[in-house]
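In the two complexes below, chain A is the common chain; its partner is chain B in one and chain C in the other.
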Partner chain A sequence: MSASATQTALYVYGVVALRDVPSLEQDPAVEIVQEDALAAITRVVSLDEYGEDTLRENLNDREWLEENARAHEDVLLAVAAVADVVPFRFGTICRTADDVRALLAEQRDALTAGLERIRGCVELGVKLWADRDRVEAALAPQEPAAESGRAYLEARRNEQRRAADIQAMCNEVARGAYDRLLRLAVAGVVNRPQPRELTGRTEDMLLNAAFLVTAGDRSIAEEVERLDRELRDLGFSVEVTGPWPAHNFVAAEGEAE
Partner chain B sequence: MTALAQDDITLLELVDRVLNKGVVLAGDITLSVADVDLVYVGLRVLLASAGTLDRLANEGAAA
Partner chain C sequence: MSSRELATTGGGGPAQLADVLERVLDKGIVIAGDIQINLLDIELLTVKLRLLVASADKAREMGIDWWEGDPFLSRGAKNDGIEGRLRKLEEAAGLPTSKGDEE
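So, the complex of A and B:
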């Protein structure tokens, strides 16, 4: 045991209320570290894998990243199925259980407030996409080809106006969709849309939102379906993902998010 | 452009949440998480697999 103490550490997945611990189905690899009314969901990991330098390297290994990001989420999902859980960011490592307890003590108020905020809730992700060509086609018919210099200038001006109109319409649709969904949610956040380089899709992501909703509440999903139907002919589509643990709604106090 | 497969989109969703959100506890008590710009690293890996690593590196530098 003493030899391993220098080489292992505790990976912290998240925090639950101590009273919820009995309902957790215990994954034998997972250890509960408790302090006062809070309990951390942890696992012993090797510093060969999660030490600062090796973690940095491992994060650049796509297979490692995928496997471990999924493992992180799987543990949180299993916990979230039976208890409210405040998810920690991937790769939160403490050297010892005492350090985890110190962390829980130090952050008690923020973690307790986080648990309170997400109680009985799950997170849903909503994305709104625009197929610009179809949006343009839906907005205004294509101008006939210009034949004279003056007509050319006129066409250019129209084109610029149309581009501005399309942008305005996209903004309006995104704002309107977010507002409609927010009314059905406990809370909502708007994240930066992911660039095409990452999504690999031909459509532009106009809205990348997350909503906190009561677990089992279908109203957001149904509204997304409605929005998708309403907007489809205009070149937009709306998608929902989840339920996720409430990653987007647990930022500690003082964080910009 | 190399489109990401459906699995990759899910992975993007996952990485965006797991590496980008959640409680961050930086300080003396925690070892790793404080020090690594996880989002950038994680997204860079995804991009590399889509064959557009250089572009992100440029955008990352400009951001």
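So, the complex of A and C:
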């Protein structure tokens, strides 16, 4: 609760090649910090908001988190519309511009490699959803209600078999869709499906994938439309999101390639 | 560089919060700044856990595990990294860890 002068720091959104800086839109909120051939997209933030202690509280404030996560993404989206950008994870904060420059110098190789990896590309998200009831209905008609004990057991067994069949079919559809899309992409990654609490949908997410594609390339989007048409009657739907900055394709850690 | 023609895809509305959080909190390059945000230390965990732990478990519960046995896909999914991070998250949250809980 002190009334001392507000201290500031620099929030780093991501990094572009210095040669791309002239093409960036003039955003008065954004400050470019350059070092060698790299430039960081930053913004001055108040430590009242982004200082160590308050930040911790703010991160646990759902509204603050949503607002700021979206703001982070919006800045990156605007940059990604005109240049290759290596997105940083939310909450990378340096005290001064000199610290940002030091960070750029220190991480030059990783950042340059990241920029190289995503050159001319954007990320698309693809999700495959299953409406379990419709998938089930499409796969096999419902058994008539059992009358005798034996018929009941038989029906239970059939039910289990059907559940296994549905599962196998879902897995096959998800894998098949991913493989088809991967062929059209520069790279792909499969993320964990998001739970219903987060999606707020009644369908189950079977596939949560991201693809790296050349900017402006519509082939993934078109293939998604085709897949969606092919699978719709079976109770599946396929959706594409994006283009996103290439969040899924810039990290060097744990890379197996 | 001239302006890119970005493919216009998706519903056109604002991106789903889950998609934004997944990317912004869990992806992207991680470089330690001067102010340490340790996402693992805080209750943002609830968000991360729901994104990662809950989804993985739920997916398995529902039998969605087709990526797990496939070395190509699980490599793509950075399985090892995720397992390691999950364990840390679970420990931090005081949950039983997922390693070795499958009988």
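We take it that the second predicted complex is superposed on the first by the 247 of 257 C-alpha atoms of A that agree within 3 Å, B and C clash if a C-alpha of one lies under 4 Å from a C-alpha of the other, contacts with A are read in each partner's own complex, and residues count from 1 in each chain.
Everything that follows uses one rule, which is that a contact is a pair of C-beta atoms (placed from the backbone, for glycine too) under 8 Å apart; a residue touches a chain by one contact, two chains touch by 3 or more.
Note that the structure is a prediction, hence the values are computed from the model and not measured.
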Please determine, from the superposition on chain A, whether chain B and chain C clash or fit. clash
Is A:Leu65 contacted by the first partner chain B, the second partner chain C, both or neither? both
Applying the touch criterion given at the start, work out whether A:Arg56 contacts chain B, chain C, both or neither, answering first, second, both or neither. both
Which holds for A:Val82: it touches chain B only (first), chain C only (second), both, or neither? second
Looking at chain A, does chain C or chain B touch more of its residues? C
Answer with first, second, both or neither: which of chain B and chain C does A:Gln7 touch in the superposed model? neither
Taking 1-9, 37-45 or 73-81 from chain C, which overlaps chain B after aligning chain A? 37-45
The intersection of the chain A residues contacting chain B with those contacting chain C is 9, 14-15, 50-52, 55-56, 59-60, 65-66, 69-70, 72-73, 86-95, 99, 103, 107, 110-111, 114, 125, 191, 194-199, 241, 244, 247-248, 250-252
Looking at the complex, which residues from chain B come into contact with chain A? 1-4, 8-9, 11-19, 21-25, 27, 29-33, 35-36, 38, 41-50, 52, 55-56, 59
Listed in rising order, the residues of chain A that touch chain B in the complex are 9, 14-15, 50-52, 55-56, 59-62, 65-66, 69-70, 72-73, 86-95, 99, 102-103, 106-107, 110-111, 114, 125, 191, 194-201, 241, 244, 247-248, 250-252, 255, 257
Inside the complex, what are the residues of chain A that reach chain C? 9, 12, 14-15, 20, 23, 50-52, 55-56, 59-60, 65-66, 69-70, 72-73, 81-83, 86-95, 99, 103, 107, 110-111, 114, 122, 124-125, 167, 170-171, 174-175, 178, 188-199, 204, 206, 213, 215-218, 221, 224, 239-245, 247-248, 250-254, 256
Residue numbers of chain C touching chain A in their complex, please. 1-7, 9-11, 14-31, 33-37, 39, 41-44, 47, 50-52, 54-56, 58-59, 62-67, 70, 73, 75-78, 80-82
